[in-house]
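I have a structure I would like to understand better, so I am pasting it below and will then ask my questions one at a time.
Chain nomenclature is as follows: A, B, C and D, assigned in order of appearance, with residue numbering initiated at 1 for each chain independently.
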Amino acid sequence: MADIRDLREAVGELIHDGDTVAMEGFTHLIPYAAAHEVIRQGITDLTLARMTPDVIYDQLIGAGLVAKLVFSWGGNPGVGSLHRFRDAVEHGWPRPLALDEHSHAGMANRYVAGAAGLPFAVLRGYLGSDMPSRSDTIATVNCPFTGEELAAVAALNPDVAVIHAQRADREGNVQLWGLTGVQKEAALAARRVLVTVEEIVDELTPVPGGSTLPTWVVDAVAEVPGGAHPSYAAGYSTRDNAYYRAWDAVSRDRAAFTAWLDAEVLGRAGAERR
Amino acid sequence: MADIRDLREAVGELIHDGDTVAMEGFTHLIPYAAAHEVIRQGITDLTLARMTPDVIYDQLIGAGLVAKLVFSWGGNPGVGSLHRFRDAVEHGWPRPLALDEHSHAGMANRYVAGAAGLPFAVLRGYLGSDMPSRSDTIATVNCPFTGEELAAVAALNPDVAVIHAQRADREGNVQLWGLTGVQKEAALAARRVLVTVEEIVDELTPVPGGSTLPTWVVDAVAEVPGGAHPSYAAGYSTRDNAYYRAWDAVSRDRAAFTAWLDAEVLGRAGAERR
Amino acid sequence: MSLPHAATGAAEATPDELMEVNAARALAGARTCFVGIGLPSTAANLARRTTQPGLVLIYESGAIGAKPTRLPLSIGDGELADTADAVVSVPEMFNYWLQGGRIDVGFLGAAQLDRFGNVNTTLIDRGSGRPAGRLPGAGGAPEIAASCGRVLLVVRHSPRHLVDRLDFVTTLGHGSGPDDRARLGLPGRGPVAVITDLGVLRPDPATAELVLAELHPGVTEERVRAATGWPLRAAAHVTTTAPPTAAELATLRDLKSRQGEAR
Amino acid sequence: MSLPHAATGAAEATPDELMEVNAARALAGARTCFVGIGLPSTAANLARRTTQPGLVLIYESGAIGAKPTRLPLSIGDGELADTADAVVSVPEMFNYWLQGGRIDVGFLGAAQLDRFGNVNTTLIDRGSGRPAGRLPGAGGAPEIAASCGRVLLVVRHSPRHLVDRLDFVTTLGHGSGPDDRARLGLPGRGPVAVITDLGVLRPDPATAELVLAELHPGVTEERVRAATGWPLRAAAHVTTTAPPTAAELATLRDLKSRQGEAR
């Protein structure tokens, strides 16, 4: 059963130094507010998993909290590079960043295996690519019926999954809709689940395209309106594309990034940038 | 792109003697009208796949059209045995029936593999069961990461999938909701797809819990109101439990069954029993 | 006809009602239950109305957290989806919810059950020269038995059902001893009780063999032994089933009277 | 400044516009297209408004049959889901729709591309003593290239992008010759064209090596060779890109003017 919690308490209780954390949301419903709370609490030595690290992980990497990144596409969508990610990989600033790198199909299937209680998943992937040579979570398996060789990826079972959703009821049942990405799989694969929501309501009325995570697979729900900004929550907000474009300049320079971090995340502890 | 067709034409064009046919629908949305049309056209030597053969396959088996059954639970839900199925297996009447028998999890994953373009699927199943010894579509595979031995099931790719749905639009986009079972997987695994619908509408308005099959993965749509009877279509009808209970007596006796078949399916060609 | 006060409820309850009440009580402590049609559905719905109001009923048709107002005839009745917290596809149900280890208790019936709680629901050997009797088959059972936290077997007590040797192993219980499940990699604990219309058998922790643990009021050990197809041993302490409370019995009878569409 | 009539459109069109129009035209005959952000999205939306009105746009974020009114900045913009025929989860998208073989055409970009259409989007070797330059990585590319019916590569023509040797093989095109895809079990045909701002390269059917097939108006073979990092051969018949029609150009410019949120 999920507890309805203050974001600060929920992050402090569920996310610990050294954890493997998956903050998912494919462009939509990205849990930025929770990530900023992780930065404020200085929870560090994290292994972060996410298909598209996006600006949210650029911020966590720049803040020096990330030891390893498990991912499949590390860019600022529609804008360009993730400069903090590149600086960490290329120059080890502010600390070296280990990588476990996959394709989207591989990452998605790693979560699928994790959610399904299997040690691996099978896909027709990575064929002819150099990627398997650089990851110990990619292997091959032969079909016992046809003999065909296929790719296998190891299950990904994060210590914590963090997602943002539109709504929860007072018992902690969570409802999300629109592009729901890989969030169900990430949540079901994780040992602990933290959900931030736009609002807590008395009753979850059915919504087309909606999906429900029952309260008994969720550990904590925190009401954080706008908690996906600069990403968006369908039905509540639109994507702040200007933020994504502005991030390019902010993140390109270490000093500019540090100033941003101080002013926008650390300097205003407890308050979220809207 | 799906053609909007008369049921008789669609069945005649898409289902052929000797085909492997999956008529799916887990209690809900079972495509009875299409099955009765198959009986009327005498399409025979079929391999029928379905998780729960149910009364629909009891009727096709009793009609002598089925050479082989691929399934996981062959009972009349909440009532008892499927007597035509038993008679065919135990006494070869009206013809012998070969079996490929799975668990629900195995059958579901066979369709998943088929829909995903993979030759097999992995599950933690059949452990310690005698079932693998009687099927050549169950094998084992070892996890390349942990060494654990798991079950593998061969992909199931029917020649034809037949499903019933609530609605389609005039372009053949299909919408279904409620308990949607394994229909998406069966349809995407099949080479040809026939959908009967309660009604054809100008526009498919979004529905909570709804799922859409785009027209370009469907071959034919036939408007058959009540086409799932005695099963049901949420939003249109309720399950005719009395029919299921009455089936026990009808099907228990070969003569009673034959009389039913003549009167209710063959004798009233072109008209569906409501 | 009158009996001591404590046994009044038991005297009023039929053997089947005692079995149903025992099955409901066996859900104590469970958060989630995988529900089949028939007695499991009766027991789970009774538990949700008495001792386990928060119990989450999960039907393999895809309904998670169903709250039916009456007992459904089939696992896919419309009310299950209409009242559920979430409705998922059948592959998702078996892969993410059952195999994912999210279900505490699974109920299974059995045409044949052996002393280690292994189950046959596939075929009955009728002897040479006669075709095997065909049963419905596996359904969800092999994976329910593999992945639920624990399994409750429910069967009418007769030598036809509780047999010395299965004609076919559809679903593994404890195999041939206490280590088989771990050796095969089955995540759940397997059968923890066989609930019958005469009492309850439980696996001996040392051997995994089912032994007599509980008798319905008025039922003797001899009667149970005569109804069991293997030489049944008794646990060190055989208890007597507490009679149904007035609330249990009233709720059960109300549920069944409103089944309406029941067989 | 005036040119013969037939080339008027081309004279007006920029090299990038010619590339975009060529990419849209290359969708002829396609029913379904896997759309990435940037030029692929421009080309697919242009095709849907000109030559391929029934083209089904599929975005890896889960939108099937999206009909955006303007070019989205990201593949997950809200309008994609709002206008889609169906929205599915990301695992379903990759497993049932892409790997399931349901998508006719996939677009891929490349930081580096070699003569067999193999692609690097992972890292750039900057020489010893310098750290490799980090690129975004694979995204959906390896499986798009494996499973789409055919692949269109889109890249600006320069020796930096069209290289003699990849620093890393992220995504297989034709490997090292015409048989490699079949040998590895890749279901799709692989790259059928490399569309650049100077023209189009296509694989030689006999060798799978990319050869010059089409030049934009006014571009010479010499200029293309100088912009290619391997000794580029020409097809037997090199054609000249037909200038954009007035409708193509107007539609393209309108689309891009209404991009609004574009980079």
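Convention: contacts are C-beta pairs under 8 Å (C-beta built on N, C-alpha and C of every residue); 3 or more make two chains touch, one makes a residue touch a chain.
Predicted, not measured: the structure shown is a model, and the values here were computed from it.
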Fill in the blank from the handout: When A-D and A-C are ranked by contacting C-beta pairs, first comes A-D
Practice task
Would you mind pulling out the distance in Å between where the CA atoms of subunit A average out and where those of subunit D do?
Solution key: 29
Handout entry: Separation of subunit A from subunit B, taking each centre as the mean of its C-alpha atoms, in whole Å
Key = 39
Handout entry: Where subunit C and subunit D are represented by their mean Cα positions, the distance between them in whole Å
Key = 59
Practice task
Pull out every residue in subunit D that's touching 2 or more other chains.
Solution key: 95, 99, 147, 187
Completion exercise
Where subunit B touches two or more other chains simultaneously, the residues are 117-118, 123-124, 148, 184-185, 209
Practice task
Take each protein chain as a node, join two nodes whenever their chains touch, and name the resulting shape: line, ring, star, complete or other.
Solution key: other
Completion exercise
Pairwise, the chains that touch are A-B, A-C, A-D, B-C, B-D
Completion exercise
The subunit D residues in contact with subunit A across the complex are 37-38, 60-63, 72-78, 80-82, 87, 89-91, 94-95, 98-99, 118, 122, 131-134, 136-143, 146-147, 168-172, 175, 180, 184-187, 261-263
Exercise for the section: Could you pull out which subunit C residues touch subunit A in their complex? Expected result: 31-32, 56, 64-65, 85-86, 95-96, 99-102, 147, 187
Practice task
Over in the complex, which subunit A residues touch subunit C? Could you list them?
Solution key: 115-118, 173, 184-185, 188, 211-214, 216-217
Problem - Interface residues, subunit B side, partner subunit A - complex - result: 117-124, 137, 139-146, 148, 150, 152, 154, 206-210
Fill in the blank from the handout: Contacts from subunit A onto subunit D in the complex sit at residues 26-28, 51-52, 71-75, 77-82, 85-86, 89-91, 101-105, 108-109, 111-112, 123-131, 148-149, 178-182, 184-185, 209, 232, 234, 238-239, 241, 244-245
